[in-house]
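To start, the structure under review is shown below, and the notes come after it.
Each chain gets a letter, A, B, C and D, in the order it is written, and its residues are counted from 1.
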Amino acid sequence: MDQKLNDILLQNNSDKTRLINILWDIQRQYGYISREAVAQLSEALNLSPMDIAETISFYHFYRTKPFGEHTIYLCDSAIGRMNGYQAVRDALEQEAATGFGAVSADERFGLADTNCIGLSDQEPAMMVGDVVFTRLTPAKVASIMADLKAGKAPADIANPQGHDSHTLAYVESIVETGIQNEGAVLFQPGRDYKALLQSGLGQHPDEIIDDVTVSNIRGRGGAGFPTGLKWRLGREAEGAEKYIICNADEGEPGTFKDRVLLTRSPKDVLLGMIYGGYAIESRFGIIYLRAEYWYLKDYLERQIQDFRNDGLLGTDILGSGFDFDIRIQMGAGAYICGDETSLIESCEGKRGTPRIKPPYPIQQGYLGMPTIVNNVETYACISQIIEKGGRWFADIGTEDSTGTRLLSVSGDCARPGIYEIEWGMTLNEVLDMVGAKKPMAVQISGPSGECVSVAKDGDREICYSDLSCNGSLMIFDESRDLLDIVRQFMHFFVEESCGICTPCRAGGVDMRTKIERVIDGRACQQDLDECVEWGALMRATSRCGLGTTAAKPILTTLDKFPELYQAKLSEAKHALLASFDLEQAVGEYDYAFKALVEEASK
Amino acid sequence: MSISITIDGKEIETEEGETLIDVAADNGVYIPSLCYMRGKPCLGTCRVCSVKVNGNVMASCTVPVADGMEVSVADPEVADMRKALVEINFSEGNHNCPSCEKSGRCELQAVGYEVEMMASRFPYRFPVRTRDHASEHIFLERDRCIFCQRCVEFIRDKETGQKIFTISERGTGAQIDIDEELANKMTPEQVTEAAEMCPVGCIIEKGLGYNDPMGKRKFDIKSLRQRTLEGEEV
Amino acid sequence: MNKPVKEDETLAHHLPTTPMDPDVMAARNAKIQVAMIGLCGCWGCNLSFLDMDENLLKLLEKVNINRSSFTDIKEIPVRSAIGFIEGGIANEENIETLEHFRENCDILISVGACAVWGGVPAMRNVETLEDCLREAYIDSPTRPLQQPPTIPYHPDIPRITKKVYPLHEVVKIDYFIPGCPPDGQVIYKVLDDLVHGRPFSIPAEINRYD
Amino acid sequence: MSRKLVIDPVTRIEGHGKVTVHLDDNNKVIGARLHVVEFRGFEKFIQGHPYWEAPMLLQRICGICFVSHHLCGAKALDDMIGVGYSTGNSVTVAAEKIRRLGHYGQQLQSHVTAYFYLIAPEMLFGIDAPPEQRNVLGLVEANPDLVKRVVALRKWGQEVIVAVLGKRMHGISSIPGGVNNNLSIEARDRLLNGEDGLIGVDTVIEYAQDALAVFHDFHEKNREMVDSFGDVPALNMCLVGDDDNVDYYHGKMRIVDADKNIVQELDYHDYLDHFSEATEEWSYMKFPYLKALGREEGSVRVGPLARLNVTKSYEDSTPLAKAALERFHDYTKGKANNMTLHTNWARAIEILHSAEQIKNLLNDPDLQKTDLLLTPPKSDWTGEGVGVVEAPRGTLLHHYRADQEGNMTFCNLVVATTQNNTVMNRTVKSVAETFLNGNELITEGMMNAIEVGIRAYDPCLSCATHAMGQMPLVVSVFDASGKLVDERVR
């Protein structure tokens, strides 16, 4: 057996639940995952080669064939397309001398599209190896490509001063953190984590949970489940082990707040996780970090190591007798893994398909054990709640939405970036704050959220009872073609559907066909009615959140901007349906005939 | 613990934690399904067994019954959703009942009858899917696959316990694969089991197919509804 | 609307015909009018129509069949209540004919697998039209190699469509009768229900797709 | 000035066709064609499917002779898996008889449908009767009792098919190596004795004789027209057994000339060696002919008229049909009968013959036997097979190849309607000239005569359009100079 591969298996103690890591190690070692490697893995892990292929083929970033010395992933997102994506794409194709989805003749460059990589405030952006390049222009692309051709490593180009990859300086030399305001809860400087944890561990786990409950904080991932209740259930749940997972998959297009939290307040997050572990008596924590954030990995490892060195992680933490440690689990490119049960499957080395609920993770999660999954921001907030008390937190924001909300603002505004607002601010106030000119529509909570009309919804409050928001705010001004943006969002869901359940897998495609038909001017009122009917079907019957929300780009714009659709409707001529393309149907014969006549005359 | 729930207004005594779709069948209420097999773990892939539970639409194969649950199967809205899900399965693949050997033994077809499907409301896609006929005894007609995952979850290599059928890619690109080596090790009984388990004509045994005369095919003799209501285990 | 007639052509059914007994015609016109056609199919559904057996005669007491491949009436002569259509859409003439039916019938029924979803002929939809034609006219095993291949393309024949289409993807269809073919008695039930103003229904026990 | 007349659609045939006729300034016919405008392409899309699907899939070519396609396919698959006549061994006696029963049932229902629903109206009302009358509605109005008998007769034929294939149309019976079911006692007795709403076999034979009478009566009254209508000489082909009689299920291909001399006899497995299919740049339909005799001499007629021209006699077990056949043979004094409308006479005789044969089979205990299927060892696999039967419209041939994995790789179908291409050309020419030449005023009735000529062959345009290669059928007539008007290809 290949020695390097052997080492990789050893490092992962030939544990099939670590398959995601094993596959990453192999790909980073060899550039791709070969048949031979899979064959050896199947031996070592007692999985059939095709079983391993199941997992490999599920994730966007795994490759089973060489794809160039440098694989370049250009972010294809609605925001990117508003900021020069196409010109950058063309420039890349020209510089790399190959098309997207292909490898250059000299095998140096492979070009591919990828969905939102969490840089919406500085797009167009692309991933090259472990680093990213932002605010791209054709000129910038030219110089980056020149450096790469000259043999420079991507990291050296992105980080010219050569900062250590374990440092904040390194991360910030690659991406801007873009914090735009000062908020009431997060990003507090100069915290003494040792003292904080000391006092935290001085309390009884029930007191911790009570504090969290009193704070009335709800999950920051978007679903808004009361965290106190979740922790209470976690504490009560029985299991040989229990697990604390931090969901840092942040795949929702337009969202990048977690990236910024992990950059500026990583220890807040770690602290929150430790409290969680202490509260439910768990010994292990996992940070599920999306592969798009690889440039944060070393830095976060260093933060974890600092905590270990200071005795904040490990065994008998600060003499409390409480053991807890945290590992980072990298993702591999699958939006669906933002769903907590998909994320858990992925942590176990499998395809990221959502589980059937019940049982819930709190009952049977990671490795079948009680598991708490919370969002990065939730843990960060809790690190403050335990310090300042649940009441303090509950007094911020509104009755049902306590504390603050981090907003990732992008699109048509003067100052995109990260804003920490108190719940209860109106949409118009937010738009003023970020300097939005002539805003027409705002996509709240990303494609899976809702598209609201500034004219109709400007005075609505951002809070769970009114305008619920997971932190993503994409602003589209009056010049934007909203229907085309809807088409892009539907395409996104079709690409990211795991396909396990029928309504999402099949319905998404038919819904995309509908919006394309509308854009082509071949739709009639019946098509719009069917959009509503089919959308309701997906919402009601899909297995997970992806499917239940995948129709929302159409449904919410149809609700808020019906005139855009009406203007596109076609009048049927004669008896033929507008959707039937007569010329395409019969014209094909002319092409086929001509082609064959030429062929025959040769 | 003995509890009571209502299905379409009818009071039903049952045991807490039983699966709703089974409880319904045991009480004479047929709920169609394409992936669920009584006595086997729930797959929850086809969603055709969707019903209203306390007003919310849920796949009844995933619902453990709880005391006081109010279930609506007949509700027209959710009934039409079940029908739509069956229809979209027909238009998503290439389901050519007229020449398909599984006709009369096919669960998708049988469920189509039960929901009184005439035509699919969704556009027929005519996807181009490749067949896999490399293995000795099994012909994989992917045109007909509905991704129920029965074969993936319930058929295993006797020796190693490894998967024989797997699913690769994701979303619309997903496809069922067969491990030729392991497939060729399958016993005749196991091959038949796999073919029988496939709710459509995707996994078929080579060389056979039309041996059951019309009128004597599985669902000619007894309808899927009847079989389900009689609690037949597959 | 009738199918457009090329100006240099005379349609045989527009030539002078032997007149029909007016009383007989009056009796026929008093009945419910049904028009029938087979498009791209095997004509089996039309034969299944005959499989109504004695019920066909019963039905004929109430309805009159005008245009049909069983009669020599080649255009729908009067506004008709029901259009009975077998077969899918496979060439431009099918499209014209289907339009003719949609515009002259109150209710259109897709009869049989080919009409409902394309049926067996639609199996060519997974091939490109070009490949189909190549197979037939260039790579054909029986093609005499001493002469160059001919590919059909002529004013007197309609162009073949890119795909075979279900009727309801081309015009609005009111009802569907699945089956290859539908059983004659199922066809009878549907027509009899419609003729007597009962709602369309094909219960599970008699519904068949094969 | 020259004129172009169009019959669109041709009605009372299976499938959809169209006729164009060109007349010159003197109203002389210079060109006439029957176009078939459909296209289905079975030979292409069957490829890649499992071989055992072929008989189920390919019977969908046709709604009226589907049993023939089903059988033909199954026989080809017998060959393929090594239970073929090519390998000497055959399917079991029970299997073969059950296959024959289904086939005769179809012949009966197919001929009855064509004879009464499509052809009879002219026999009763005349060729130039009002178009509204020339159809089953006219029959119902004129002679409801006749129609009731026709319905009963056709229904019984369909029920024979149900007894064997489980379904009136597109059922299942034949599978590679035999059949999947025998004939149940209940089904047998139903068909023999009839029941409420179903006539018995003796009534069937009685009605079959009435059908024959309809022709004789029509013949009496219009002898001159009937005998002169489209009298076109051609070779005649059908399958014959060792007794020199037509065998509708199996046999060698025999071709006889006008004097009934055997001009060729061949094992159908060798069809590719003996037949070519010519292509004309002005025509889409191929023209099969015997290589040995060439294009003009070598074109054959198939179907009822051809079969009765070829066969020496009928079995003694079908006495009524045998007697009728003798009368038919005597009418042309031992020569081949070329009179197009006599095809309907032949068709009526075959209805009677089928009825008698079905009776014989129903009384045969072999059909309740249970040894129905042969499953030869994998080693017998040949991977190629040819099947042939006498379909109602004539000799039908299926030829398949499949790979070791069971995947269809090749499929060629030669259908009866294609075989009749040339002789239908000649008929349409002859009829068009007889009825149209020199007439200033052309009526719809005259044009109908052309359709009558076509209908005599009961062409199945559904069959003819199974493949793009046969699309569309074009019947063409040359003027004196052998040139065709308006034949540019656009």
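Convention: a residue touches a chain if its C-beta (ideal position, glycine included) is under 8 Å from a C-beta of that chain, and two chains touch if they have at least 3 such contacts.
Remember, predicted model here, so these are calculated numbers, not experimental data.
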item	value
Distance-maximising chain from chain A - centres being C-alpha averages	D
Chain whose Cα mean lies nearest the overall Cα mean	B
Contact-richer chain pair [C-D vs B-D]	C-D
Geometric centre distance via CA averages, chain D-chain C, whole Å	23
Distance from chain D to chain B - Cα centre to Cα centre, in angstrom	43
Separation of chain A from chain C, taking each centre as the mean of its C-alpha atoms, in whole Å	53
Whole-Å gap between the CA centroids of chain A and chain D	66
Shared interface positions of chain B, touching two or more other chains	91, 98-99, 123
Sites on chain C at which at least two other chains make contact	91, 119-120, 123, 126, 133, 137, 153, 160, 163, 169, 180, 210
Contacts with two or more other chains, residues of chain D listed in rising order	57, 60, 170
Interchain pairs in contact, sorted by label	A-B, A-C, B-C, B-D, C-D
List of chain D residues in touch with chain C within their complex	3-9, 11-16, 18-20, 33, 35, 37-45, 57, 60-64, 66, 113, 117-118, 128-137, 140-141, 144, 147-148, 151, 154-155, 158, 168-170, 197, 272, 276-281, 284, 286, 410, 412, 441-445, 447-448, 451, 460, 462, 467-469, 471-472, 489-490
Residue numbers on chain C that touch chain A, as the complex places them	1, 89, 91-92, 95, 98-99, 102-103, 128-130, 133-134, 137-138, 148-149, 151, 153, 159-163, 165, 169-172
Chain C residues within the chain D interface of the complex	8-13, 15-21, 24-25, 28, 38-48, 50-51, 53-54, 56-57, 60, 64-65, 68-74, 90-91, 93, 119-121, 123-124, 126-127, 131-133, 135-137, 140-144, 147, 150, 152-158, 160, 180-181, 183-184, 210
Chain B-touching residues of chain D, taken from the complex the two chains share	48, 50, 52-53, 55-57, 60, 81, 165-167, 170-173, 175-176, 180-181, 373, 405-407
Chain B partner contacts - residues on chain A that touch it in the complex	46-51, 53-54, 57-58, 334, 351, 356-358, 494-503, 505-510, 513, 530, 533-534, 537, 540-543
